[in-house]
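Below you will find the structure I want to go over with you.
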Amino acid sequence: MNLLHLHEQPAVYLVVAAFLLAVGIYGLIRRRTLIGMLIAGEIIFSAASLNIMAVNRFMAPDPTVGQIFVLFIMALAAAEVSIALSIIIAVYRNYRSIESAGLSELKG
Amino acid sequence: MNPSLEQLTEQFTGLVGANGPAGTPIVAGLAEAGPGSATAATPVGAAVAAPAAATGALAPAAPPPLSPVQTVNHALKGYDFDATVAPDQVAAAAGILDASGFSLDTVTGVDWIAQDQMEVVYDYFHPTAPLRAVVRTRIPRANPELPTILHVFPGANWHERETHDFFGIRFLGHPNLKPFLLPEDADFHPLRKDYQP
Amino acid sequence: MNAFPFSDYIVVGIFGLAVGTTLAGALIATLSTRIIRGVCGLMISCVGLAGLYYFLNSPFLALMEILIYVGAVCVTIVFGVMLSEPDEPPEIGKRHHAILWGGGAMLVCAAVFATAAHLGVRGNWPVSPVRVNDGSVKAIGTSLLTTYSMAFELISLVLLVAIVGALVVARFGRTKE
Amino acid sequence: MIAQKDSISPGSSLRAGGPAGPEADQHCPNETFVLNLGPQHPAAHGVLRVLMTMDGEWIKRAEPVIGYIHRMHEKMGENRTWAKFLPNTSRIDYLSAMHYTHAFVGAVERAAKIEVPPRAEYIRVITSELNRISSHMVWWGALLLDLGGFTPILYAFDDREKILDLLEGLCGARLTYCYYRFGGLYNDVDDTFLNGTREFVQHMQPRLKMYRDLVTDNIILRKRLTAIGGISAELCRKYGATGPVIRGSGVAYDVRRAEPYSVYSRFEFKIPVYPESDSMARYLVRMDEMEQSLRIIGQALDQLPEGPVMGKVPRVLKLPPGDTCYAVEAARGRFMVRIVSDGKEVPYRVKLRTPSFSNLSLYEEASKGMILPDALAMMGSLDLVIPDIDR
Amino acid sequence: MSFLTLEPIRLLLYLVGVCAFVGANAAYLVLAERKGAGRIQRRPGPNEAGYAGLLQPVADGIKLLAKQIMVPPGTDALLFRAAPLMVMAPSLMCLAVIPFGANLVARDLNIGLLLVFSFGSINVMALMLGGWASRNKFAIISSARVVSQNVAYEIPMLLVVITMLMVTGTMNLNEIIHQQAGWFWNWNVFKVWVNPLMPVTFVIFFICMLAETNRAPFDMAEAESELVAGAFTEYGGMGFGVFFMAEYANIVVGCCLATILFLGGWQSPFGALSGVLGPLWFLLKMYALIFTVIWIRWTFPRTQFYSLLNLSWKILIPLSLFTLVLTGVMIKII
Amino acid sequence: MSLSTAIRDVAGGFKSLLVGMRITLGQAIKPSITVQYPHQTLKMPARFRGHVKLVLDPETGKSRCTACGLCVKACPSDCIELDGIKREGEKKKSVTEYELDFTKCSLCGSCVDVCPSDAIEYSKDYNVVSLNREDFSHMDLVKRLEAEAEIWRKHHPPQAAAVATTPVTAPAALATGAKTPSPGQKAP
């Protein structure tokens, strides 16, 4: 593997994406506030996008498909954030807390 | 809507009684140094400025009786109506004036140290009629307390606080008699005549 | 294509910068106790990711990443932080619980990372010999409005639903007063 | 980097409002915070402090805290002779010093029965109205500053400078005139002043039109002031608000008409009244008042009689015992001086009833539920002068 | 191949050039603003430092540099320090794709327009973080305002830009300018045969540009009579100075964009002389717009925050949507 | 609100903005009206009230003040201190010390009003500056008068100047005295 052509190696992108995924999962587990979990979720989204883009760039026959799919993910992420935040704010208004542990009473 | 002086005189006479506020310790020295009507009784011929809205009937020319409720020549005194009431009647007096559409001008005090009294003066003006009314009361200097008129005129809030600041007069029922114009930790009352800085 | 002597090194350096930014941002985003810094980490990570997209021959997506993530998502999250509790609450419960949980999470993540990275590096990914087009903005636009018009419509629908839903939910919280 | 474990994080101050009392249960979170506006804040003209309890940008309660430049003028009055107190009066409301001096001089003249020559009265009216215009110009510029328009105050000061030059040429001072004396005036007017005032009246008409085009008709200003900051006539009455505030609420109360002093009864002028009782109404009242003041000045200049400007005043001024009031229409409303004399050379009590004090006292009531920019615009439309409140 | 044609060297030169351009502009636009305000208010403005006050920016800069940068206790010091940089960097980025002349562009990107907007959006984030990190109530209210305002005005602005994309069919800024060659009626703002409402579109763009750059009469973020200095309340010295410079850099970018999209960029109004004199025409148009911005600031009072949002949601967005649809229809018909 | 009124409102509002911009542009092309203070100065009007100063009597070249103390009594802020002695052969006292506490003075002019011999008047100095507080809290008016008297002496025939120093013969000298410029017109 030539170090000077690192940016043309699909494996590099895949490893970075894997790292992002792992970090995102860690955050999702360890974060105890909803917003923190939301951020971790965004990282996981990023990992997926990067993975798709890498595959799209190096292996796919039609490089537009991956881009369109990533666009789709971005739109989803934006939608998700707006919805999630409005829920968080509503929850906060009602419970004065956005700790995920405190929300168990929602189930009842 | 606009009240006449006769109406006011009548209402206030009903309030304080014909012979003066019951139980108000008006000391005899009033005519000499107090807000006596001696000057108001002089003829209007020596008018100072242009004749004011002279709706006021002239005070009687003879040496005036110390009537608690009287009309005054505006051109001489700057107000038309002068009533002396008992300390516990100030709110009722304010109620009468409020019903007649008066507006609170100011509340202030005068420290009559020689007579060991404090005078609290309520000035009223009328927004639509050319009328000015003054309501005064006297309270003992040792225990300067009288009821607030806050519930009649909410604007009295600041005036009463200021009067409390300057004279130490306590307005019973006032919710917030903290130092107002004076520093927050002020425990002195500068307009008392015995105040030493 | 370039006669400049060190151009390769520069390119690799910039690439390393992008990778580093992405990873560091992601770490900040998940590890910092302050949510606001977490958002900043997300932002940094997204900027780095935009750089990676650029290297992946897609400047369009790179710019969209910045426009959407930094300009919209992060701003929305910061706004949400302002309107609600800002920080991670201190750990409740016993210390060894936290260590246990942290260790467990770390293990899981390490496993995930190892598997995915192994697959990425060792996986025998077939490379398609033919390329239909160059993946330019023009090609994306054409495909979006022809072959993938469904996706396009879905994006707009999702966004519309999101707007309406966010309004409804946030309003509901407000009327509770 | 992760070291910040302090209990208060940035921004938590936004919600660090009142203590969560029993009524603030979890379903009705108390999301207020206290904003300390002033004593040094650009919108607090001078050293006024307003403690605002806010819910977001909405004001739940705005409590003015005053007294930062309290100087106890009333006690000063008890420590010096009547004449020595005269310079103090122009320092209470430095922007309309003439009116304040007028009230004190008038009260003493009324009590001592000093006759003022008619020429002096006319000149008092002219200078008072000039002073009113200059005061309104400062208000106009300052209100626009509050609203973020920077240029009008300089245009207003350009015109105000002309007034100040006139008055400086007349009595030597630009702000704290001390021009009226018991029984008359400090000195007579000269032709420079009379011609200058005539020129000024001519000059102001197109300028007022310019003000109207530039600011009054401006859509942004209209949006900022119309239907905002309502103060009802009843509220004005209960709080004793006077001047343009009550006239902007549809009540034609003007001391110049209600208790005509000096020679105001000899002039024709309208009392501008707007019934809308919003900030714009107060704005328009003041703009119209400038025109009316110009009208009065014009009439007074035409009718100005010849004669002395100083009446007969005893060398040692001793007022008869008793109390006397004298009220004038200052630029901000009714200013009343109540003097109590015990027959000595020194006042027994001087009470200064200032308009801004009463006008501000209704602020707490009127600003409930407004948003911050509107509340500040309303404060601007009240035309506060802080020394006038604190005295 | 000369040394100068080497891409990295060229880019480095442009980097220096852009930085110098922004720096000079930020410094001297402050002076121009103060001079302009002086003219409008009939006073000379700063005129003591140097000839006619020309050294005033230097004096100001030295003063700001000499000041200690205070970080208030209890704030997030890192974010507090990072915010000014975050606000400055994107405006520099944006200038990289602005074509000042036919060949005078640092990076002639195919999607230059998108780049300007994507980096322009970082601005909001930076202001918000600065306000948040200051731990000051005025600053937090201000940053909340910044976000609402920017969200409200980004929509009509992008709608207008989409209209222009439909008219021009490209996101390459230089190409947009090329399309407006010829006499001045070929400029987009006068192309009423494409869209009768083109001047209105330009006005919408200009208004949105004012709002996006937080300029008077839309300077709710730093409404000094309400919020002291808004998000910058706690900043002093060069921290404040950088925010201040970034504000002017943003105005420059905004006016550049308006010039390119509507006023024909470096094209001369007479159909000739736009080759060598191109940059001159460009700067002329840009500074004319900047002068208008200054002129507006010193004429009007500040708008009220909620009517500001109303203006966007109730007037500008419907209007820009209408022009968008109208343009689409017109393009289809022609 | 119907659409037509909405459009009319918007158009009217826009027009009002344009009118405002026209006005400011119109003002911008007019010359500036400010006075560049250190470079240009204004002439103070004749009645300008600056700090008080002792008047130099153009006939004697001395102060007219008789140290009667009326101004001290009239001053509301107690900022005048003066002292005088009765010299040999003079009917009245003459001032030896006149200190004004300018930090307290409110320029009300009561002292000038009450002065029976017109010995004090307002100076036209408005830019009295000092780095030293003492210069204002103890403003020595006699010293300032001396500076004026110095100029006065220069403009007078030597015998008059000589006479001025010997006050006993002053009336005789003044009878022959030349015309005097009025030093009051020249602020130092």
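Chains: A, B, C, D, E and F, in written order; residue numbering restarts at 1 for each.
The definition used in the following text is that a residue touches a chain if its C-beta (ideal position, glycine included) is under 8 Å from a C-beta of that chain, and two chains touch if they have at least 3 such contacts.
As the structure is a prediction and not an experimental result, all values here were calculated from the model.
Chemist: Which chain has its Cα centroid closest to the overall Cα centroid?
Modeler: If one averages C-alpha positions chain by chain, the most central is D.
Chemist: Taking contacts as defined above, which has more of them, D-E or B-D?
Modeler: Here the pair linked by more C-beta pairs in contact is B-D.
Chemist: Distance between chain A and chain F based on Cα centroids, please, to the nearest Å.
Modeler: 78
Chemist: Can you work out the whole-Å distance between the CA centroids of chain C and chain E?
Modeler: Those two chain centres are 28 Å apart.
Chemist: Averaging only over C-alpha atoms, locate the centres of chain B and chain E and give their separation in whole Å.
Modeler: 64
Chemist: Cα centroid separation between chain C and chain D, in whole Å?
Modeler: A distance of 59 Å separates the two centres.
Chemist: Pull out every residue in chain A that's touching 2 or more other chains.
Modeler: In chain A, residues 93-94, 96 touch at least two other chains, as defined above.
Chemist: Going through chain C residue by residue, note those that touch at least 2 other chains and give them in order.
Modeler: 31, 34, 36-37, 60, 64, 72, 79, 81-82, 87, 176-177
Chemist: Any idea which chain C residues touch chain A in the complex?
Modeler: 8-9, 11-12, 15-16, 19, 22-23, 26-27, 29-31, 35, 38-39, 41-42, 45-46, 49, 52-53, 55-58, 60-61, 64-65, 68-69, 72-73, 76-77, 79-81, 83-85, 87-89, 92, 101-102, 104-106, 108-110, 112-113, 115-117, 119-121, 123, 125-128, 130-135, 139-140, 143-144, 148, 151, 154-155, 158-159, 161-163, 165-167, 169-170, 172-174, 176-177
Chemist: Given the complex with chain E, which residues does chain C contribute to the contact?
Modeler: 2-4, 7, 10, 34, 36-37, 40, 43, 59-60, 63-64, 66-67, 70-72, 74-75, 78-79, 81-82, 136-137
Chemist: Give the list of chain E residues in touch with chain F in this complex.
Modeler: It comes out as residues 36, 38-44, 47, 295-296, 298-300, 315.
Chemist: Show which residues of chain E lie in contact with chain C when the two form their complex.
Modeler: Answer in residue numbers: 1, 6-9, 76, 78-79, 82, 109-111, 114-115, 117-122, 124-125, 128-129, 132-133, 140, 143-144, 147, 151, 171.
Chemist: Which stretch or stretches of chain F touch chain E in the complex?
Modeler: Touching chain E from chain F are residues 10, 17, 20-21, 23-25, 27-34, 36.
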